[in-house]
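In this document, chain identifiers A, B and C correspond to the written order of the chains, with residue numbering beginning at 1 in each.
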């Protein structure tokens, strides 16, 4: 483009952003990764491997091992040995030191981890850099400080760790979910076998490097990559003393069936279909931003996403119009571009699920509006979408889509809002938008959800307990209440 | 081979993040137990105390306004710096007559103690705060807040552990402190000042005055802009009138020792605030 | 809170945390290098080059005007700024200097910066500046009346000032740093627009609390709301504390994202500044040479 001159008409600046790509040179990927067992990377006894790809480009990133039953067995044994031989007797102050070291290293290597997370999972670099990684470091830092204070977290109780903990984490916040699992488990003196999600193993494997660099004793944390079968082997292993799972409600129920029969301590963090309730007396401009963030942050791959907008009828038409105007400004594209708002859908399978549910919405009579955007040819993409004319019984209002799709319904009174918000088998989160304090508290009392955001959304903190009601799971992660899952009463059954 | 004559360090005061001399110009001698002159340390005057309280007050709102997580990280960084300078502190303690092993133990314990308190920054609210089920349609919660500016006469035996055991719990929640170091702890206290100055601790959050602890205490007890005085290291012969003077602005008078480590020590420097709000449409 | 402000114009509440987060997020946008030059030129064309000191003299004003017309004497491709902004006493000197160049003359008027004198004295001041040749008038909102709740007086004084302007356009300075938060700023914005302001402006630059991106976002949202309710487009001017090109970009992004590209023109967007211009010239220099510049390489007129 020719340089502008003094006499030119006002330049069509047109907010021409991007590309502002984050450099990937900070990441050095191996071609192939083994399993991390007993402090070392080892070949899988299963002999099986699979590839992990970048969902924005469909390019292969690396080959990782698929842990079979024998590999899971090895990992559980390593965790058990580590627990018996030293970790159970390691003082809290020393466990704390390891966790502090991990936190510091994650802060120092934060850019590297953020870029890798984006490449492997498809989320925008701005999110992995500004949200995921800081929360990851904070989670380890926070729990380091509990490791040597358990008598204050559980006053008047004589507590002990469970032993070997099996943990299965999902693909939407791979490293953050791993942190949410590992930090409290280690702080309380347990050893771990972690099974990352099939489509996003890489940041967990890079974390293994950090665990070695901080001299964490071998076997305290073991990482077994794989898919559904690997997870099932872990869930069914007789020497696992406690299980923690974050993922779909369907799989969660299977795990519960297996664990219940064995009377195994279990925590589950499953799906959601959160209602974001906007009253007419809301701070409208900020409510719009928050509704947008609530459903389009991380492409809607968020269990606590505000996937249902319940807007008071008196402002509904105007609100939806503003919402659509705001949606049109969302930038969908290369997740590594610092200007991107909405990244790639995590996998072909997930894209197919979203597409099918959206089609059902249209078939059932709801009206689909989509933000105009140029989607790249390669990779998995879905344009931010909103449905109006939605009925409570529509599949798009009841089933978790786990994509950038918002369903809009209206209500007239606070009671009606509560009724509609609670009318779901899920109960993970909810949002309330009103400037009236007493109404926030009144609504919060009545909403059957484990996390309620008032005049904000999608806020997480290591000190703030997170978890659901009803079919969104049980147990909490983070905060004082989240620690409890990782101890038992000493002198109780072993 | 040329003789290397060491460049001896000058020990001054630590106020507002800087190292000024006493405005009085007075010093006192600190000698090793075998009689070597270690320092002409600054002998803080009541005017220095006045300036230190001002610096502490200026810094207090900002320090309390940081997130608990941030304060925890800053305190953890102090521990990082302290641990890195372990050998220096051991040497200072040995100059005061301690054995190598005892000195090493004390330094390790002080680091551990400091790390322990750093980890309380974002947890004390969960342990000390409450949601209260009042008999009415109100949401009612109680949470702790820092009391403000604290003057601390810290125990000087053991010098480093005593200082760490009182200072860390005071500042971790957002108080700022003026430390009155006992003579025996002069060099330890000023070495810690150097650690603080390199640890991202904002200027004024900790101020350290060396010299005549018992001479300065009455001025601190009578100062109307001081919220609390920590007497854990105060000499037993502190005059009664000085203690009574604290009542003039209803100061919190706090006692303790060098060994206790507990959230109740943190609680000594906290106020409890209770908030009510109706629940209704 | 959907309470009437004055006449049928409605205003809404503002959530501070959400607003500030959005403003900060917009500061993270990266502009394409090839667009940077256009963005910098646009920023220059939106500058009101300002001198408002008791020590201003005809000589100082003449020097300012030369810089306004030709920011870089060695480079004729650099456009002129939107306007110069001076005290009423200096208007005749300014108009003489910039006549025929496309640079407008803006004058503060009406007991700037406090606004605390009789309204008739203030409107006389305006008329006098306009008669001397001012194209644009910057007045201050009566914060005393606003903060004591006399909103109808605030409205009527702005309306009277607009009338006194005649053909000149009116900018109303809210002095956001004195209003005590985003909601009063939103309310004051709606009030000033309802009373006829052509531009709303953040600050006088005479108190420490000056323009911030979050304040700009708050005011831009008010402008958007007003345009939505009435169909009339009001401009926005950020002033006070804007010294770097980076800040200028942040405001440009904020305006574009909130109000759309139609607001990215001197007709609807101004930056009140003095040292900003030199920083922009330094940035343009870096785009040309690839090197970082320094104060010795831009002129101090």
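Keep this in mind: a residue touches a chain if its C-beta (ideal position, glycine included) is under 8 Å from a C-beta of that chain, and two chains touch if they have at least 3 such contacts.
This structure is a prediction, so every number in the text was calculated from the model and none was measured.
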item: Pairwise touch network: line, ring, star, complete, or other; value: line
item: Chain of greatest Cα-centre distance to chain C; value: B
item: Averaged-CA centre spacing for the pair chain B and chain A, given as whole angstrom; value: 41
item: Chain centre separation (chain A, chain C; CA means) in Å; value: 44
item: Averaged-CA centre spacing for the pair chain C and chain B, given as whole angstrom; value: 48
item: Chain C residues counted as touching two or more neighbouring chains; value: none
item: Interfacial residue positions of chain B with respect to chain A in the complex; value: 68-69, 72-73, 76, 112, 115-116, 118-123, 126-127, 139, 263, 277-281
item: Parts of chain A lying in touch with chain C, wherever the complex brings them together; value: 1, 3-8, 10-20, 126, 280-287, 289-290, 329, 338-339, 435, 455-456
item: Touch list for chain C against partner chain A, complex; value: 1-2, 12-15, 17-19, 21-22, 28-32, 34-35, 37-39, 41-42, 45, 76-80, 221, 225, 252-253, 256-257, 261, 264-266
item: Touch list for chain A against partner chain B, complex; value: 93, 96-97, 100, 138, 141-142, 144-146, 148-149, 152-153, 414, 437-439, 441-442, 445, 462-463, 479-480
